[in-house]
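Beneath this line is the structure, given in structure tokens, with notes to follow.
We call the chains A, B and C, going by the order they appear; numbering starts again at 1 in every chain.
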Amino acid sequence: MTYTLEKIAEQIGGKVSGDGKIEISGASDLQNAQKGHIAFLINNKYVDQARSSQASALLLGKDWSDFDFDIPTIAVENVYSSLADLISIFDVEHSGDFHISSMASIARTAFVPDNCSIGPFAVISEGATIGEGTRIYGHVHIGKNVRVGKNCLIYPGTKIYRDCILGDNIILHSNVIIGSDGFGFAPLKDGTFKKIPHIGNVVIEDDVEIGANTVVDRATLGSTMIRKGVKLDNLIQVAHNVEIGKNTVIAAQAGIAGSTKLGENCQVGGQAGIVGHLNLADRTLIQAQSGVTKSTKKPDTKWYGSPAIDYDNYLKSFAIYKNLPDLQSRILKLEKLLDQSRSS
Amino acid sequence: MTYTLEKIAEQIGGKVSGDGKIEISGASDLQNAQKGHIAFLINNKYVDQARSSQASALLLGKDWSDFDFDIPTIAVENVYSSLADLISIFDVEHSGDFHISSMASIARTAFVPDNCSIGPFAVISEGATIGEGTRIYGHVHIGKNVRVGKNCLIYPGTKIYRDCILGDNIILHSNVIIGSDGFGFAPLKDGTFKKIPHIGNVVIEDDVEIGANTVVDRATLGSTMIRKGVKLDNLIQVAHNVEIGKNTVIAAQAGIAGSTKLGENCQVGGQAGIVGHLNLADRTLIQAQSGVTKSTKKPDTKWYGSPAIDYDNYLKSFAIYKNLPDLQSRILKLEKLLDQSRSS
Amino acid sequence: MTYTLEKIAEQIGGKVSGDGKIEISGASDLQNAQKGHIAFLINNKYVDQARSSQASALLLGKDWSDFDFDIPTIAVENVYSSLADLISIFDVEHSGDFHISSMASIARTAFVPDNCSIGPFAVISEGATIGEGTRIYGHVHIGKNVRVGKNCLIYPGTKIYRDCILGDNIILHSNVIIGSDGFGFAPLKDGTFKKIPHIGNVVIEDDVEIGANTVVDRATLGSTMIRKGVKLDNLIQVAHNVEIGKNTVIAAQAGIAGSTKLGENCQVGGQAGIVGHLNLADRTLIQAQSGVTKSTKKPDTKWYGSPAIDYDNYLKSFAIYKNLPDLQSRILKLEKLLDQSRSS
């Protein structure tokens, strides 16, 4: 399937310079672009690479239109955002007809509309409801009374425990677990633990994407909440009764302990941890591998370290940490000097 | 389904004050409790919240019975433990009849009793044995010669490799992996690695619960051992030939490297790591994100940091770490002063 | 099944001392060895344990043949490497006939040769190709147009998204995810994020082994590359467009962020993290829990800490870190002394 450059510019809302009639067969980065491809220029330090690229056309920011290229270009406001649209044009995976596999196990009391897809060996349990336009791939488990909204993509192997509620336009990657029991036990006098049952659920609002093998535990009572537009990477732990605010983004292998509330538009780095029962304000930034142990009231703060402290503070301390042997030598020298001066 | 407050008190072993005849329809926390619910008071700092709650009854510790509430109460010895029992009353998920799905794949040489459940698309391999009262959900893989005890709950997607042995009353959450090969390779002279086969197994004793997406590798030879009453959270790594002692509790995303032995009633924080071939004494406490690199002989020690040192020691050092720039300035000032005093 | 000691020595290429006619029924470590077993001596500090072992024979390095044992021995060049061969003799799991389950879902346009195995409830999608001698267990998802080479082992529950390419002799443990979308979003002015589609793939070369629940994301465009002989442990995150060089070994729960390139024969410790867009030279060693934030040009360097610095440097600084309270006291003492000496 090919598209003219003009047609692409029209779809992504950009302005063509040069020959808009050329046919484009795919999108690529500068390095791997071949004849027929449109490549993209994210940063003007790659201008030279763009000039020597094999690409037939170039997507770039409108501020960079002054650069003179031999090949036609499409200039856009926001390269990253238009890049998403550009790649979508060549991504045909999830279009196509809907199909409900005869090898799925669908309970009689489940509601499954005609215009959705259910893959082979998927299980849709009693009382579950699937929205129109949603695609559920093979090996997915939809528990009792789960509600899945419209136009969701649920990849192979994802398991959703009973009673959880999902909004629209949600993407769950393979083997995501939604609604497993929280880690709650009452310690008994003999050193053993009694399980606290978890009869709450997980609520996921619209436009959320969750990466492969990430786990979101159900609430003990009430709901673990993933708000609208949240993006979670792979292998993340979200404990029981956590609430993650709108548009917050969390990188791979981070973990949020029980009952913690994150504000809106926070960013949590990979492998970071946040202890339980905290409140983090909007737009809190947490550096990768940090361990947050305190609530924050002020928005827009940035944290680093384990335990996490102010980001700049951490970096200043770390700069000295690297030279601690030197610092120790200076103290030793001072001690000797002072000792000399006092004994002289 | 509703129960009288009296009936609930009888079941959880508590003492009613006020009207024991009222009907209770559910359990909830103070904040979200509605009319008809029983809420619980875990900590006396929430007394005001309890007074303004919509709950119709209250579960509290018997030491707090002096507090005067307008609604009936049940007083108990241990709130956490009774809370578990209380919630169980309203948790009807895993009761009900047993059912063996016609869409499961059950080998002819497997032993599956009548009073157990096997979900759709589960695989029970040759020579496997399932105990009475055990519920195996869909998409579970039970490998060759695996033995699963009585009254276990094995959630959708869990995979148990061949020859592993599970006791009674075990809960494995979705996509837990039991018995995958350990990470063992013999380095060869040409820089490549030769796989060391793993022909041992995993043995899990009674009353263990393992969280979603956690992995327990099989032993090279012999057994990886998870002792009675151990509780593992989600996304944990337990390497080959590890032994985890009775009633030890490990939080999410922690990792235990090969052949390490943890004592009884240890507590390991989230994202902590323990290197291989160590022995940790009973009741060792490991702070979240710590990296333990040494064995301990004395029980009841507490560790923090990477590499981990004594907990209090770490906190004292970290308090100074945060002010290293100040410390450096003080040294610089001393140097100048001493320089002045020597040159004067 | 038993083998004479002579026969075992012949298969693993070792030299027998003592009675080569004895029958050996299994391999074991020194501690757990029983009569009829051959145990192994990895390190000469275990010589005493070897003498008191119940084993009927011993595998040891040829340099240690001087030690005098009462039981027959096999002496070899490289104990670890021969141990792998020794255990293989008693590992019969993955031999046996090939079998394609009638309960698998195999697309009509998929290519599945006769001499391979496909387990129950596996899904082989349109256009996929499976190599000869490959064993695909139950609940595996092979996406559209995926190519799997020869003699691979793909354990239950593994999911491979569309268009990914696997070489020969690859082992993927249970619930590995290959080819999930990378974590890429274009931030919009209103605080929301637009998904960047991922239309690249993952390419895995020959002789790679990947541990349970590990995730390898597909490239935005182009390929995420796992080179020949790479070994990945469990629960690892490999982000989009990463390249991992030949024979590199990565321990459990480590994470590599987007577009980073690791050289050949690197070793990454457990729970370590590497930020995106870096280049690490060949044979780089990264200590467990470290956070690498800079590229390296020189091979054979070793890193520790978060952010990671030179390994020895980190250890020296940490040795002083542990005693920071003492260092602070010395400074305080110096200040007092200097204050006295100046005021006197």
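The rule we apply is simple: a residue touches a chain if its C-beta (ideal position, glycine included) is under 8 Å from a C-beta of that chain, and two chains touch if they have at least 3 such contacts.
The structure displayed is predicted, hence computed values, not measured ones.
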Problem set entry | Chains touching both chain B and chain C, listed by label | A
Exercise. Do chain A and chain C face each other with the same patch, meaning over half of the contact numbers show up on both, or with different patches?
Worked result: different
For this session: Working from the CA atoms, figure out how many degrees chain A turns to land on chain B, in steps of 5.
Result: 120
For this session: Using mean C-alpha positions as chain centres, tell me how far chain A is from chain C in Å, no decimals.
Result: 26
For this session: Among the residues of chain C, pick out those that touch two or more other chains and give their numbers.
Result: 121, 139, 157, 175, 213, 235, 253, 271, 289, 306, 321, 327, 331, 334, 338, 341
Exercise. Along chain B, where are the residues that touch chain A in the complex?
Worked result: 27-29, 31-32, 78, 80-81, 83-85, 87-88, 90-91, 93, 101, 103, 119-121, 137-139, 155-157, 171, 173-175, 207, 209, 211-213, 229, 231, 233-235, 246-247, 249, 251-253, 264-265, 270-271, 288-289, 306, 318, 321-325, 327-328, 331, 334-335, 338, 341-342
Exercise. In their complex, what parts of chain B are in touch with chain C?
Worked result: 105, 121, 123, 139, 141, 157, 159, 161-162, 175, 177, 180-181, 183, 185-188, 191-199, 213, 215, 217, 220-222, 235, 237, 239, 253, 255, 257, 271, 273, 275, 289, 291, 306-307, 309, 313, 316-317, 320-321, 327, 330-331, 334, 337-338, 341
